[in-house]
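As written, the chains take the letters A, B, C, D, E and F, and residue 1 is the first residue of each chain.
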Amino acid sequence: MLHIVNKSPFDRPTLATVARVAQGGALLLIEDAVVAATQGVASPLAEIQKKMPVYVLGPDLEARGLNERVIEGVTVVDYNGFVQLVAEHRNCQSWL
Amino acid sequence: MLHIVNKSPFDRPTLATVARVAQGGALLLIEDAVVAATQGVASPLAEIQKKMPVYVLGPDLEARGLNERVIEGVTVVDYNGFVQLVAEHRNCQSWL
Amino acid sequence: MKFAVLINEGPYQHQASDSAYLFCRAAIAAGHQVTRVFFYHDGVYNAIKFAEPPQDDRNIVKRWSKLAEEHGVDLVVCVAAGLRRGVKEEVLAPGFRISGLGQLIEAGIEADRLVTFGD
Amino acid sequence: MKFAVLINEGPYQHQASDSAYLFCRAAIAAGHQVTRVFFYHDGVYNAIKFAEPPQDDRNIVKRWSKLAEEHGVDLVVCVAAGLRRGVKEEVLAPGFRISGLGQLIEAGIEADRLVTFGD
Amino acid sequence: MKKFMFVNRKAPYGSVYALESLEVVLITAAFEQQVSVVFLDDGVYQLVKGGQTRGIEMKNHIPAYRVLPDYDIDKFYVERESMEARGLTPEDFVVDVIVLSAAELGALMEEQDVVLSF
Amino acid sequence: MKKFMFVNRKAPYGSVYALESLEVVLITAAFEQQVSVVFLDDGVYQLVKGGQTRGIEMKNHIPAYRVLPDYDIDKFYVERESMEARGLTPEDFVVDVIVLSAAELGALMEEQDVVLSF
């Protein structure tokens, strides 16, 4: 399952919920959630990375001026990559 | 200053921010924030109560079926009380 | 006392408009004056006259129009936020008018208290 | 592959409609089909034809209309959510149609993937 | 037949998602799919009984969950941690629920064909 | 003359509040009031320089903060804890900011006549 998160870990508990609930597949960070993948931010992302690969949407990082701060082990994708991730996984869940 | 909070402490960091920033006056919990004033919920409310009186909007508690769970030391007010609180304080801040 | 109100969200999706309305009504009942309600961000959607909620639900748009009619509350829809979202004269319910952000600042200057409702 | 999309927020206030649009465009460019975009909750505001954003900003409503025209994407506005908020035939931009929630469930059944965008 | 899951994570009344999610679930009944409805995080407040909405002049939609089993929608799942953190128990809810651990809920989610989140 | 404070607590682009808050601040300049603009929680991301919005097809409004000092709006306050928790420093921002502790910010807020929160 592809887990899609769009909220900052500072602003919502969403990423913590995913860390608790999600059993596998992959995680894609979009919109305000991209801040979770930047240096110096403490978030449940490290825990999630033990369970599944983590992707982050490049255009959202760039818009926020954060593209040079991405932490190691997170893969930056564009919208084409977003589409591919949805296609590759049997199902998806947008954690609203 | 009257501090007005409308979000659940489980869903947003707002109440934690108020606990950190607000220096005095009073706090009014409305809308989804009323859950912070109910039994068995761990939130920054206890810390805020050391600094200022805390009020909670009764109609919002009743709508959510939580009116019999209000913790001690929090005063339940109706919309009339909400208006009075705004009038009594020199200024107000809705923590959106 | 003179109150002004700022509403940042549309009707139904968030409780902001409901809370603001019940606050205004209580303020008026207590003898205060609500000089202006300013609708900003998605708040501009509160002015769409075509709204037709289910019979057993409250009609948020009509409630505001009625408050304007009965108590002279000035309902101002932000022109910039409205244009962006398609809330223009063509869709405006009675009692609402479209004007600039300056009306919000003016309300803040003239009222004794400005109370914001949003998400 | 057949994609369906659900949009739960209006234009501008949240990024949901932007993200959904860029996702749809990328999917079509990659050779996939976007069968239906269903607009629910405040998502119904994406269909208001009167929207007139500043010249230097994107026009979210027009973008959706164009996608429908050029790629046959079925843009469905939820009738119940639309009535509640005043988004009816009178305000509908080209390419959008109003129908029931059943169209969302049908899209979920028929598409290979249903992707949701919201707040 | 597909497996549909509806995920509710927001409190009722503060926003419309709880009500409009319920409206989707009701419609889904007509399509004879396999439906499960999940409540976690603040979504568990959507099931708390005894609410009186007169004071906020809204319609109380929560009792409507009780009619869903008549349409063969009776799988209501609540995540244990979310429930306990809010001082709630299954007796507080308007319908019978199945309490799941976070891991159990995650596994159930993996099995779904369509997951809708409100 | 009244003291107006604008409080920004949300990240830019994910929602419109950052942009439309800036539009209010710009208008306020014409009214010759005492204006301060505060950034805390995710609002501090509104000031991060170097953003390129082409990929999301939105307008980059953040450089517009640079024109505000021309209209005598130059009090930009950032709360220290919010900034540090996000791994940011004053060098990361598009304008010169005054970094305040939470308590200092709270005291400044008490002095205001009108506080607008977006």
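We adopt the following convention: contacts are C-beta pairs under 8 Å (C-beta built on N, C-alpha and C of every residue); 3 or more make two chains touch, one makes a residue touch a chain.
Small disclaimer: the values here were computed from a predicted structure and weren't measured.
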item: For subunit E, the least number of touch steps when starting out from subunit B; value: 1
item: Same or different contact residues where subunit D meets its copy subunit C, judged by the half mark; value: same
item: Distance from subunit D to subunit B - Cα centre to Cα centre, in angstrom; value: 38
item: Intercentroid distance (Cα basis), subunit E paired with subunit D, Å; value: 26
item: Separation of mean Cα positions, subunit D and subunit C [Å, integer]; value: 27
item: Euclidean distance of C-alpha centroids - subunit A vs subunit B, Å; value: 33
item: Junction residues of subunit C - those touching two or more other chains; value: 8, 12-13, 15, 19, 22, 41, 54, 57, 116, 118-119
item: Per-residue overlap in subunit E, given as positions that touch at least 2 other chains; value: 13-16, 41, 56, 58, 113-114, 117-118
item: Residues of subunit A whose C-beta touches two or more other chains; value: 6, 10-11, 13, 31-32, 59, 78, 91-92, 94, 96
item: Those chain pairs that satisfy the touch definition; value: A-B, A-D, A-E, A-F, B-C, B-E, B-F, C-D, C-E, C-F, D-E, D-F
item: For the subunit F and subunit B complex, residues of the former touching the latter; value: 7, 9, 40-41, 79, 81, 102-103, 105-107, 109-110, 112-115, 117-118
item: Complex interface listing, subunit E residues touching subunit C; value: 13-16, 56-59
item: Touch list for subunit C against partner subunit D, complex; value: 10-13, 41-42, 45, 48-54, 57, 61, 83-88, 90-91
item: Sites on subunit C touched by subunit F in the complex; value: 6, 8, 40-41, 80-81, 100-102, 104-106, 108-109, 114, 116, 118
item: List of subunit B residues in touch with subunit E within their complex; value: 6-8, 10-11, 31-32, 35, 38-42, 58-60, 62-69, 78
